[in-house]
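After this come two complexes, each holding chain A, first together with chain B and then together with chain C.
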Partner chain A sequence: MTIEIPQSFWLYFTFFVLLLVDGLWCMLATRNLVRILIGLEILMKSVTFFLIAAGYLSGRMALAQALVITVIVIEVVVVVVVAGIILGFYRKHDSLDVGNTRRMKG
Partner chain B sequence: MIWFTLLLVVLVLAALWASMTTTLLRSTLGLALASALLSVVMFSMGATLAAVMELSVCAGLISVVLVSVASLTRPRSIQEELASRRSRLRRIWPLPLVLIAAGVALSFVHAPVDIVLHLPKGDGDVRTVLWSLRQLDLFGQILILLAGALGVLVLFRKEAKDDD
Partner chain C sequence: MSDLLLLVPFVAVVLLYLLPKRARTAGLWIAFGILALETAAAFIDRFATIDFGLLAPLGKLLGFHLATDGLSELVILCTGLVGMAALLVARRTLEDENEKFLFANLVLVAVVGINGIAMVRDLFSLYVFVEVTAVATFILIAAGRGDHVFEGAWKYIFLSVVASVLMLTSLGFFLLSTGGITLDAARTGLAANAPLAWIAMALFLCGLFVKGAMVPFHGWLADAYTAAPAPVSVFMAGIVTKASGIFALMRIAQSTLGGATPGREILLVVGAVTIVVGAFLSLTQTNFKRMLAYSSISQMGYIVLALGGDLRLGILAAGLHFFNHAISKSQLFANAAAIEKQLGTLDMDEMGGLGARMPVTAGTSAVASLSIAGLPPLAGFWSKLLIVLALWNAKEYAFAAVAILASLVTLAYFLSLQRRVFFGKPLEKWAGAREASVGLLVPAVALALITIALGVGFPFALKILMGGGA
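So, the complex of A and B:
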């Protein structure tokens, strides 16, 4: 089965790129560990949106939804574990500054 | 199509607010708003099950986790806050300009898309795909959830030993 991609692809691609740039900039411009996690979340939003757009354009929405559900489950586990690591880091260094990671062992 | 594009613009604005605002609580609220808007976008595209998951898990659970993390940390002093805000503003202010430039540049792209996908036949209901065709994904999800739960347990157990 062959599927041609319609022109509305560029609309979805534009907003995917905007969210991607926003998330990347948020991660790179901050020194706060929680903000880095929020930037990662925005990146995940862009990927989720593009997966749904790909399913919509190709007419494979069921497959796209199955993949998005998998992405959301992984996203939650990543956020919870990273939040635990951030809290452990805060108790050790009394700071959320990413610069303190240089003082870690290893 | 206009309201849909407007919805996407508001989604990007919510994500931008989450990136640029000064306090962690406002950032978390911006992220929750972006998740809620993304779930509306998904719903309007026909991805109802994924939209419900996005709304309940991402806009709900993840926001609760992030607010909990923010509440368990000590607020900074006024001097620290001002210094941090100034240095952060220097790094973050070009972001809206970059987004506007990228949006304008990409809106002029109307090149024909020559991508041709060769997909296998069949695409039924999402439940059929999830439970019949993507069983390995479900197995992976269960393993990842268990690994996440164990990871959190190990983190807090180490903390308890440190307290002793």
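So, the complex of A and C:
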């Protein structure tokens, strides 16, 4: 079964790519761990948006809805764990500089 | 039974927290018992057909259902064995009771994820369980005491998120191109040669390559393994990376790609490059665990390479190498834990002549090294032979040659490891070094015996596997 891609797909797709690039830029342009975490979140949001758009355009809204809710739950867990790790990082190095994560060699 | 494999570890985690503080030392043994049951479950005939339907409501909501086959049983068996070894190592290497309790809990959470990966039949549930395993592993690494734990955990997190983004984008494309996200729907889409479906498949494969640390996405693995506490690296090297990256690839190669040409070529090229790069990076290492980590990358490449060969033989060879490597590599990391505990260092330049002081560790590590390097009659020889045969049957002679030549490099770095650590004159510096305690030797000896037994009894094992249609 193949689904015809409507013209409006490109509108959604452009917005998805913009958000994705935004998130990547946010992650790569800074040395602050918390800002990188925010960048990760923007990345995940862009993908969530794309899933909804894909579900809407392919007429599988119910499936897409279940997927998106699950993705949001997973995202929350990941944010909590990563924030905890950043906190541990801060306690250890007394700084949020990502340069501290480049000490291992080989 | 398949739903029990998810529910029992999950309920156990909840119940463990209800234990009074004093009784928490039992946590390690409860987790051990659950993993022993899981190992036994892999041997029960037709256990896949028993299903209590406890997860049916959830299945209706998300369209997810569980099914077991030979491949799932393989993962379940490996998880049980490696998990038990990791718990035994944890008992002797983690000092604090709280750390041991946390370790047992997180291992159970990761086991839920791994069992899920072994049994699901659609791409979204696969993603969910991969993520469950990954989150448990982030905490396991970061909860250690070493100098670099946050660095190792951070690199793993960073690349895991990239992998998640790739996999979820791919799911969006699958929805658009085939309207479904089950493995079968993806297969129909690929068979119809829909370009969007192939884009989606390529994105999903890239996500799994990150998770399985295939070159060029291998950067996180060596740091994560080296930084992680000893029992965590046993568990990660033994099963976590393999299940969440490599096994998912095996499942997709088996039920979705089905030997289609573009997919096969991707697997062949990525596998071959990973084998060669991993092996040569391994040659240059001086840290014991780091060398084992790069060796893991290279051996994962063998499994992926086998998937690009003749489909039926390739899956069988990949499965066997999966098992052999899970057993031998977790045993080598258990040996590393013994050495680290006795000497307080993992720098191979400082070691030498430890064979005389630690005969059991030296002997078992020699068995595992030679098995991974592919020396007959150990188990690793047979799986590598089958990989080469699978490639030969598919007329991929050049890739078969790469597989054979790279195993010489494997032998070279493992001999160099043995020579630098165990051979030679005992150094004055380590005159006080003793063999590790029995608790640390039990997992190493048990896993080494499995390697030897499977190697010697291989013709019988193969007959059972072929008869079972695995």
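By our rule, the second predicted complex is superposed on the first by the 100 of 106 C-alpha atoms of A that agree within 3 Å, B and C clash if a C-alpha of one lies under 4 Å from a C-alpha of the other, contacts with A are read in each partner's own complex, and residues count from 1 in each chain.
Rule of thumb we're sticking to: a contact is a pair of C-beta atoms (placed from the backbone, for glycine too) under 8 Å apart; a residue touches a chain by one contact, two chains touch by 3 or more.
Just so we're clear, the structure is a prediction, and the values are computed from it rather than from any experiment.
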May I ask you to decide whether A:76 touches chain B, chain C, both, or neither, giving the answer as first, second, both or neither? first
Per the contact definition in the header, classify A:94: touching chain B only (first), chain C only (second), both, or neither. first
Practice item. State whether A:15 touches chain B only (first), chain C only (second), both chains, or neither. Key: first
- Task: Report for A:104: first if it touches chain B alone, second if chain C alone, otherwise both or neither.
- Result: second
If we overlay the two complexes on their shared chain A, which of chain B and chain C does A:65 touch? Say first, second, both or neither. first
Output check: A:29 vs chain B and chain C. Expected answer is one of first, second, both, neither. What do you get? first
Quick one: is A:85 in contact with chain B, with chain C, with both, or with neither? Answer first, second, both or neither. both
Larger residue footprint on chain A, choosing between chain B and chain C, goes to B
Chain A contact set shared between chain B and chain C covers 1-3, 5, 9, 48, 53, 55, 58-60, 63-64, 66-67, 70, 74, 77-78, 81, 84-85, 88
Per the touch rule above, chain A residues touching chain C in the complex are 1-3, 5, 9, 20, 33, 36, 40, 43-44, 46-48, 50-51, 53-55, 57-60, 63-64, 66-67, 70-71, 74, 77-78, 81-82, 84-85, 88-89, 92-93, 100-104, 106
Touching chain A in the complex, chain B uses residues 5, 8, 11-12, 15-16, 18-19, 24, 27-28, 31, 34-35, 38, 41-42, 45-47, 49-50, 53-54, 57-58, 61-62, 65-66, 68-70, 72-74, 84, 88, 91-92, 95, 98-99, 102-103, 106-107, 109-113, 115-121, 123-126, 128-130, 133-134, 137, 140-141, 144-145, 147-148, 151-152, 155-156, 158-159
Within the complex, chain B is touched by chain A residues 1-7, 9-11, 13-15, 17-19, 21-23, 25-26, 29-32, 34-35, 37-39, 41-42, 45, 48-49, 52-53, 55-56, 58-70, 72-81, 83-88, 90-91, 94, 96
Chain C residues touching chain A in their complex are 61-63, 124, 128, 131, 135, 138-139, 142, 148, 150-155, 157-158, 161, 164-165, 168-169, 171-173, 175-181, 188-189, 192, 194, 196, 222-223, 226-227, 284-287, 290
